[in-house]
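In what follows, subunit A forms one complex with subunit B and a second complex with subunit C.
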Partner chain A sequence: MAEAEESPGDPGTASPRPLFAGLSDISISQDIPVEGEITIPIRSRIREFDSSTLNESVHSTIMRDLKAVGKKFMHVLYPRKSNTLLRDWDLWGPLILCVTLALMLQRDSADSEKDGGPQFAEVFVIVWFGAVTITLNSKLLGGNISFFQSLCVLGYCILPLTVAMLICRLVLLAGPGPVNFMVRLFVVIVMFAWSIVASTAFLADSQPPNRRALAVYPVFLFYFVISWMILTFTPQ
Partner chain B sequence: MAAADELTFHEFEEATNLLAETPDAATTSRSDQPTSQGHVAVAVGSGDSYGAEDEVEEESDKAALLQEKQQQQQQPGFWTFSYYQSFFDVDTSQVLDRIKGSLLPRPGHNFVRHYLRNRPDLYGPFWICATLAFVLAVTGNLTLVLAQRRDPSIHYSPQFHKVTVAGISIYCYAWLVPLALWGFLRWRKGVRERVGPYTFLETVCVYGYSLFVFIPMVVLWLIPVPWLQWLFGALALGLSAAGLVFTLWPVVREDTRLVAAALLSTVVLLHALLATGCKLYFFQSLPPEHVAPPHQAASLPTNIPLSPTLPRSMAPS
Partner chain C sequence: MATTAAPTGGARNGAGPEWGGFEENIQGGGSAVIDMENMDDTSGSSFEDMGELHQRLREEEVDADAAAAEEEDGEFLGMKGFKGQLSRQVADQMWQAGKRQASRAFSLYANIDILRPYFDVEPAQVRSRLLESMIPIKMVNFPQKIAGELYGPLMLVFTLVAILLHGMKTSDTIIREGTLMGTAIGTCFGYWLGVSSFIYFLAYLCNAQITMLQMLALLGYGLFGHCIVLFITYNIHLHALFYLFWLLVGGLSTMRMVAVLVSRTVGPTQRLLLCGTLAALHMLFLLYLHFAYHKVVEGILDTLEGPNIPPIQRVPRDIPAMLPAARLPTTMLNATAKAIAVTLQSH
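Moving on, here comes the complex of A and B:
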């Protein structure tokens, strides 16, 4: 800015300035020129962005959503006190996790005995209605977290338990036995603790301090029930 | 003796004046409450009917004052969120306090008046029922696991339908029985002049918190010794029913003896039915011949004993 003011004031400068050569053509008054239009370049960029999501390929749309989901998975696996899960909530991740878990946990349709494991619908209902109940409980106790943010956090924190389910199914391929059971018990306990730590890292701050335990206890019960379903899974 | 009585009577008046001036103080200042409760307990112990009658009078005065204040505060309609938020207006320490009060019922301490203090909450009943339902299903399944360890002929299955049965039965008990009780007490309201009935939420609260003692009882039922299980069951049932009876006694006392006796015995009987039903349905004692499916039973000789220490399976049949 200082150079622009100097160049009309010093027309007799011997050294040519190819960088500011065009400036002499502009009529700038001797006073400080504070006038003109200021365009915000960001707005045009956003318009470009919006129209480009309509025209982009399906592949890039899906990859963008998958990357967002994957980024949140990383936040769950390495829980730090960050706001990413809360700010850009989405329910794709919880849906993928819940469907995967329910598909793996459901009992075989050929095995129609009355007292078997849960059906697909039972797991689905437990996960979603459990999450809704915990969210309502948290809001009724006076927490300042929005409904879908809380659902998002609770759903994403099922990821360690889904990993535990995968490991348990692999371990069960080796055949039953006490060692088998000990390994599964250890894996499920570790993943249960991981889920609790991850969800508490995100949810605990939204409650007033004298009610934090009241809001965290239902989360504990929720993941305990899911861990129990994983641990008692017996393939027929 | 007369000087001691006058002294305790003055204590009651001070407490009533305090409550009349600042009705909210009853819910927040709990530090000085234990001392006055201690004096109340002494008065009831020394002169039984006189002290108890005074306590009932003071309780009815306090209740009337607190209910007036509560009616002034019941402005939000039932369609607003803040209406339901008023039922969850409890802190962690308050919930723990109420749980402790239900675990240790004392004759002079009415659960509703001394712990709820006209601020019933729905958090306790709801989550205690949820915990009890899941603990019942989980421990029932665990006993099957442990039984299978001892006797491999028992067929293990996750028995997930028991979760549904447990949930429905516990929630129905904890909400329908207080509804019936509340309705009955309101119907008999005309007979009693002085002590008003409890509100529906207070009745639900009393029942919900009284179910808490069943949670450790169910966990202790994992120990597979039958007489110990019945002992724990009787203990827990006694504690829980005592809490209910002590809470209901001031309300039904003015009624006719027949109605009071019938009501209290019905309450205790229903509670006992719940405990017995849970024991019999979720913790069935399993004779191995009845449980094993036919293809497994055919492969095992019938003289394998339950106790694994006897090596009779090695003996030729």
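Moving on, here comes the complex of A and C:
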């Protein structure tokens, strides 16, 4: 509108600029992504898409999400002090891991004699409510991490324990026995320590420095319960 | 004239239908519907008109600002053109209103800041309170201080849940209606919250100076003794050891809680009632936790000692009269083998 008023009043311009020409120079914010920081919208520095993501094929959407999940898996397996997990949080990875773990841990519910093992829903509830409790605890202790970021980190750090579950199942194919048990115990302890180290590397910075131990202890309990469920799993 | 009539007509429209005809006569002359176009015939000095003008200017500003975003939104929603813009504005306003309502409701109900002061602790404080919960204090003449925090008790209850799970798994407990995890959580939280409430109610009856938060904290820290005893005795299966720890560690933590309550109650009957109830419940809970979820101990003892019949009757039952005396060692070996098999089976 401003240009429309100016150009007729200024006869000295060589070429009259069309109306609303300057609007294209305004930086357009990207699509608000479905993953990312919950408080501040992200302005991604790379213009990957110049059209909305609704028009792309399903294959490319799935591959993009899977690649993001895979990248975060790598960050969990080789924990360094980075905040990729915190900055671009998403809950796909934790969901995949939780469902995998729950599927592998459930017993055949056909026989009701010995149904002392966890069912699918039980594992699910333990993982998600445990993560929610730890997040609330760390927020109450004065941490400055958002709810979903913390859920994301705790969910992704279950990856080593899921790997331990896979190894345990393979080892159990060889047949029960004390050696079998020692091998499984060793694997589960190593993966348990890995999970705690990974989650501490991501969560520690968000806590006030003198209260880190108070925030890490419930994480320790949480992964202990999951490790215990994995270790005592015996297939029928 | 039309302008002066319009606000009054507007005011009268709310009064009742009998005034509506007055406006019709002025405006359209015989038409039952008030024509909106005629309403625009106004001079610029009306108060309402200025308001309308400002609103239009503001809307235009908002439009200019949001033109870029709307252009992008339009592509996203697939709507272009003026009609699309109007519906987009409506949708945008609905979204804003809904978001405002949702965030208001969320901040009202999910405000965890209510609990924030109870979690304001340092690790050194938690450690010292854990150790103090095992040391009964002698002076009962003036009220002892109870720290009103919830972090320590909550973590202790969760630790007890974890230890209970460990015990149930090693003893291969079978839960028929329910799950292991549900039973453990229900037991521990039920004890903490239920017994706290019950003792608080009794304290109210006995006129003791204690608040609900302090009772929760006191009982929560009293579970530290339970955690220690169960952790040790779920791994070392000796009955005598359990009874010793039950008396010693359980007794110490109970006496600490009793001392605190006595210092806050006046009158011997009230003290006896309150402290007797708490001591009984606390010690019996430890006993219950050990015996209800620890079946391997029972199994081994049964196999080793045999059922409860006088020993003189066992020999003729195990050995038929015709067989040689070499049968005797085999029956003893069978009992030992069964015991070992039970132990191995649990792993």
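Quick notes
Note that the second predicted complex is superposed on the first by the 184 of 236 C-alpha atoms of A that agree within 3 Å, B and C clash if a C-alpha of one lies under 4 Å from a C-alpha of the other, contacts with A are read in each partner's own complex, and residues count from 1 in each chain.
Quick note on the criterion: contacts are C-beta pairs under 8 Å (C-beta built on N, C-alpha and C of every residue); 3 or more make two chains touch, one makes a residue touch a chain.
Since this is a predicted model, take the numbers as computed values, not measurements.
Between subunit B and subunit C, C touches the greater number of residues of subunit A. In the superposed model, A:Leu214 lies in contact with both subunit B and subunit C.
In the overlay built on the shared chain, the residue A:Leu54 is in contact with subunit C alone; subunit B does not reach it.
On subunit A, the surface patch touched by subunit B in one complex and by subunit C in the other comprises residues 113-118, 122, 137, 139-142, 210-211, 213-214, 217-218, 221, 224-225, 228, 232.
By the touch criterion stated above, subunit C contacts subunit A in their complex at residues 64, 67-69, 71-72, 75-76, 112, 115-116, 118-123, 126, 151, 154-155, 158-159, 161-162, 165-166, 168-169, 172-176, 179-182, 344, 347.
Only residues 1, 23, 26, 28-29, 31, 51-52, 54, 112-119, 122, 126, 136-137, 139-142, 178, 181, 210-211, 213-214, 217-218, 221, 224-225, 228, 232 of subunit A touch subunit C when the two sit together in their complex. Considering their complex, residues 113-118, 122, 137, 139-142, 210-214, 217-218, 221, 224-225, 228-229, 232-234 of subunit A touch subunit B. If you check the complex, the residues on subunit B that touch subunit A are 81, 84-85, 87-88, 90-93, 95, 123, 127, 130-131, 134, 138, 141, 156-162, 164.
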